[in-house]
Every structure is written in C-alpha cells, then in structure tokens.
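Chain lettering (A, B and C) follows the sequence in which the chains are written, and residue indices restart at 1 in each chain.
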C-alpha cells in the first residue's frame, strides 16, 4: 500500500511561484490525472513528487517518509517526464538493460516483454538516435513501467503516439491500476484523462482549483 | 522580409542578458588595466613634479611618453587586465549569441523562422546578428577603457623619440599612423578587432551546423584560436633569434606583442575566416533541409 | 556496489565516448616532444652545453608541464602566455565540462531515481572526473615515454636543470644555485592541481552556467601565469616556478596541501549543494 501525501507544498523558482500551497493525498491502486493548461504546474508537481526538485515550503510524504529528509527519492518509482531521454548510441533494449542493472529487480526476459508490450521489437538493433518520435515515446513508457514500480509518473504519455499507441497507453495504465500501482498522469486530451483517472486534480496557476472524483468529472 | 529578419535577429542578439553580462565582465576586466596604468601615470607625473620642485629647474615632462595612446588597454601588454582580456576575448564574444543557432535547431524554432523569412534570409540574418554581437562584445569594453583613460591621461601624439615607451616600432603594423594620426590608428585597430571578433563569433554558427551541444559550440572558437596559437608557437616561432611575423589573431588583435603582424596577414585572415563561416552557414544553410 | 556500477556507466558514457580525451593529449605530447627535440638540436648546434645533450623522459615531461618563468612587467617585454601549458590544462577542463550537466538533464535523471541517492550519483561524477583527468595526463606520460624510446633518450628520474633553464628562458636572477636534484616526481603536483581545478569547475557548474564556470577556470589559469602568487593555484601547476627550481618560487608542499584541499572542498561542497539542487531541464 503506497500513499503520497502532499502537504501545503509551494515551489518558487527564480522568484516565480510555480506551485502554490498544494495539498493532496494519493493512494495505490488508483490513477490520478493532473489536468491544466500549459504552465499550470503539472510537470513541476510531478518533479516534486518524484524528488527531482525540492519544495520551497511544505512537505511530501511517501509512505510516511518525508521526501528529501527521510528519503531522497521514492523507494519504487517509474518516471516518464517531458521528452524521453536515453543514450543515443545504444538500442532500446540496451538502454533499458542499463537502467535495470541498477536495481536488478528484473531480468532480460522481463525487459524484452516490456518492450514488446509497448509495441517495439526488443531484438531491434537500431540505435536510439534513429528512433522516430513515437518510438522514443514508447521506449520512455517502457522504462517507466519495466520494473513494476509502486509509483508510476507519466507526463503527457500520449504525445506523438498514433491511435494504436494511445490505446496502448490506456491498456498499460489499466494494468498498472490492476497490479496495485499508484499512477499519476497528465494529458491534454481530456477524454483520455477522464476515462482513465480515478481522481483528477485540476491545476490553475500552480494551485489545485478542483479535486474531482470519478465518475463526477463534469 | 530580409530586413525584418535582420532586425529581429539583431534585437535578439544584442538585447539579451548574456550580452549585457559579457559587456559588464569585459568592462570589469579592463579596469584591471586602467587602475595600474593610471597609478603608473600619476606616479610618473608626481615624480617629475617633485624633481622640478626640488631642483627648481623645470624638467622635461616627457608628455608624449605618458600619452593616452600607450596607456589604454590596446597598447599595453603588461597589466593583468590587458593579459586577461586579450586571452579570454574568444570566450566573451561567443557567449552572447553563439549558442542561438544550436538552441533554435533543437527547439524547432528554426522552422518558424524559415517558413516566415525564407531559408537564405534566415541564415543571412543570423550571420549578421552574430557578427555584430561578436564585434560589439569585443569593442565596447575596449572603447570603454579608451574613453575612461582619456578622462585622465592627455591624448598627446606619440613621439618616435620615446619609442621604447610604446612597443610600436617601425616594423609594427600601421606604425606610421600611430606616430602621425594616433586616433585613426586606434580607430583602425578597433575596426580590425571588430571584424575579426565578428567573424570568430560566426565560427559558432559554423560549428552549430554539425554539433548539437551549445556549450561546446560556444567554447570551440576559443580552442580553435588557442590551437592555432599553439601550432604557431611550436612549429613556426621556433627560434629566439628570428623576428617572425605574427600569425595568431590571439596575439595580433592587440597592437603590442612579441611579434608584429602586417596588412597581408590581417587581410588573408579575414578572407579565410569569412570564406569558412559564410560558406558553411549562409551558402550551405540556404540549400539545406530542415528537419 | 551501486557506486561502482554508476562509475562504470559514467566511464562508458562520459569517458570512452569522448575521443578528444585521448586525441588531444596524444597530439600535444607528441608535438611537444618533437618541439623539444628540435630545440635541443638547436642548442647543441649553438654549443650551448659543454657536451652533446639528448633529452630524457623527465625533460619531455618538464617541457610539457613546466609553464613559464615568473613575469616581471616591463614595457619592453610584453606578456606572452605559456601556450602549451595553457592548452594542457584548459583542454581537460573543456573535455570534462559538459558531461555531468547534460547527463543530469537527460538519461541521468532515470539513473538518479533508481539509485535512490543524490550523494552517490554526485560522487560517481567526481570519480569519473578524477579518472578522466588521470587518463588524460597519463597519456602525456605514455606518449612521452614512447617518444623517448623512439629517439633513444635517457630514462633518468632527474630533470636536467641546464636544459630547463635554457628552454624556459629563466632569467639569470631567478636561477637557483643548488645541487639538490629535481626529482621527476614533482611533476605529479600539476596533475593533482588539474584534478582539483576540474572538480572545482564541476561544482561551480551547480551554481552558474557551465560556460561561465569554464570562463572562471580560464581566468584563473591565465591570471596564475601572469602573477606569481600563492593564492593563484595555477602557480603550483608550473614546475618552473617551484621553490626548488627558482628563487622566490612557490612552495611545493603548500601546493600539495592546496591541491588536496581543493579536491576535498570541491567534492564536499558538491555533495551538499547537489543534495538541494533542483533538477530541471534548463536548456
């Protein structure tokens, strides 16, 4: 059971408040959708929850442990933020293998299956630099879910994907919920967000303007 | 269309924080030339005054020896300010806008520009803007120093009788002008510095057509000049008994140095730099495909 | 174990894939050796020495790392910076400048969230930086060694004093009249200083843009060559300015302490700073 407690979090970057007094509680087995216009603070909040940046005020607790104090990063997290970033000179499989070798939670078969599950060929020797935008996106999603993390964060996972790809993302998110992971997604396509999310946090100018719970999204 | 693109690029190149930061850094470095030079000037003046008072004889104040034209940063090579400035200038001139093509390619902004202004026009306006920002980043701090020194030290025309105090000898580039029309000499040197630094800044543009990392693109011109200087010092200036012609811009962009340059070297250098930068950017960019 | 793995990643991606780390020292060392051989020939032809001198391994190394004699400002003697020495020290700073920064904004983020610790990630970058600098400087030694074999030079552990004073044009007043030999082990200090400077540059990049941190290092290097001062650490990277080489030189022991202090301070400051550093895509 994973719980994320965001308590009165604010973030100021270069004298600009990008997140303002945000509080929310998130639990495993659910998908949380971050909705908002560009610059509303969705990605920043995701960065805060992932531990990549630190709150200026407030705290984020993951399973009662304060992020940045008791733990540096969430103990089990899969991350897909903005544009996927991998090493140019390696294939998709090699890139995931390198990442997996840090925690050694999964073997090569699992990596290959994950690559397959996002619609890529695990035996493809093509270097990452030669991947199309959609392929890069798929590999980014694979990296986020490969190690069965307790928390999955995906920022605009449907960007650059064809209709098959979008369906794939929906399936993957459902799978994450079924296995009991806590997923946070942001997406500009409101229909996808409403379809997939259990709860939606509507962000406006760095604040939570609305907290909607399924099925009452409208 | 072209004119609008040029205006926009120049605005982006000059009205940015990095340009301002570089000018401030440049001017600060020149202060480390100004202060020692003024200190030396006033020490000499006080010494002469004291001598005249002590001996009750009016001494020759040797004013041509204490002239603006050998106290500004361009004509002295002995203070830390002058040393630092003429070593670091390839970095200073590339920082304001050398990164722009790289960044615009990466962000896709180039597409927005090209469809509005045209391929060739975009590349030409970028080239002009880079040239101007590089030249100005070099010349503004030099001009600042020249004008500041002029507030304290008289602009006495240099006299060949005091040749040992100038470092400009008969074989020096434009030496005749230095002893007859020193303001024109300074202006010409600033113009040469402007052109060279503009073209050196355009090297960033050339590198950006093949390198994607903007820090590397900005720093490479510095290493190209340093490398050329290294080649000259290791393989050309090999004997201490021979007076060589200075080939390295890192040395000849300051009038005073170990060796003197000449008009031919300066012109050929400009031609080479222009050919390389213009052909790899504007000419090639005008035909290239943009992804 | 995690640290070793991270370090191995960094070595693969930040060192092996940087051809310049290998090409530059090889070329500079080779050209410096050729240059010194030519200078020795000229000095021999001129009859500078009482006997026909051949350069040794230590002399080649001294020629590469020597730097320059102290500069005394004089209107008739404009300052000319030590080009070779500057290239040796600034090239490695340039090569090690960008990798940590770009990695932090791309693939490194994935590594970071998996390692669960900021300190170990940063320490891995410090390890990578130190090893890169060591490889870079080792190549100078290797190329000089091979060159020395090819020209059948000597492999004495001592540096030839007369040759050093001649090629670096050390002023008569600076020449130290002492019989104490110069052990070539003193050439280790410039490497330590270089490591310190590179780590300092890496830490500085956490506070200012990498380009400006390189600018600061370049300023430090050029100021050190201009001014002989115990506070300008670049002086300790110039063996020609050591107190066992010239009068009024810098103390080699102080240099050793300064180098180690710079390395330790840079690593510790980096760990503290990186702990609170916001990892954003700034480009």
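Methods note: a contact is a pair of C-beta atoms (placed from the backbone, for glycine too) under 8 Å apart; a residue touches a chain by one contact, two chains touch by 3 or more.
Computed from a prediction, not measured in an experiment: that's the story for all the values here.
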item: Among all chain pairs, the one with the most C-beta contacts; value: B-C
item: Longest centre-to-centre distance from subunit B, chain (CA-based); value: A
item: Innermost chain, where centres are averages of C-alpha coordinates; value: C
item: Averaged-CA centre spacing for the pair subunit C and subunit A, given as whole angstrom; value: 43
item: Chain centre separation (subunit A, subunit B; CA means) in Å; value: 50
item: Geometric centre distance via CA averages, subunit C-subunit B, whole Å; value: 28
item: Shared-contact residues (touching 2 or more other chains) in subunit A; value: none
item: In the complex with subunit B, residue positions of subunit C that touch it; value: 28, 31-32, 34-35, 38-39, 42, 73-81, 83-84, 86-87, 90-91, 94, 97-98, 101-102, 169, 210-211, 214-215, 218-219, 222-223, 226-227, 283
item: Contacting residues of subunit C [partner subunit A, same complex]; value: 2, 5-6, 9, 13, 17, 105-107, 109-118, 275-276, 278-281
item: Subunit B residues touching subunit C - in the complex, by the definition given at the top; value: 25, 76-80, 82-84, 87-88, 91, 95, 103, 106, 164-167, 213-216, 218-219, 222-223, 226-227, 229-230, 233-235, 238-240, 251, 256-258
item: Subunit C-touching residues of subunit A, taken from the complex the two chains share; value: 13, 47, 50-54, 71-75, 77, 79, 81-82, 85-87, 89, 95, 98-99, 101-103, 143, 147
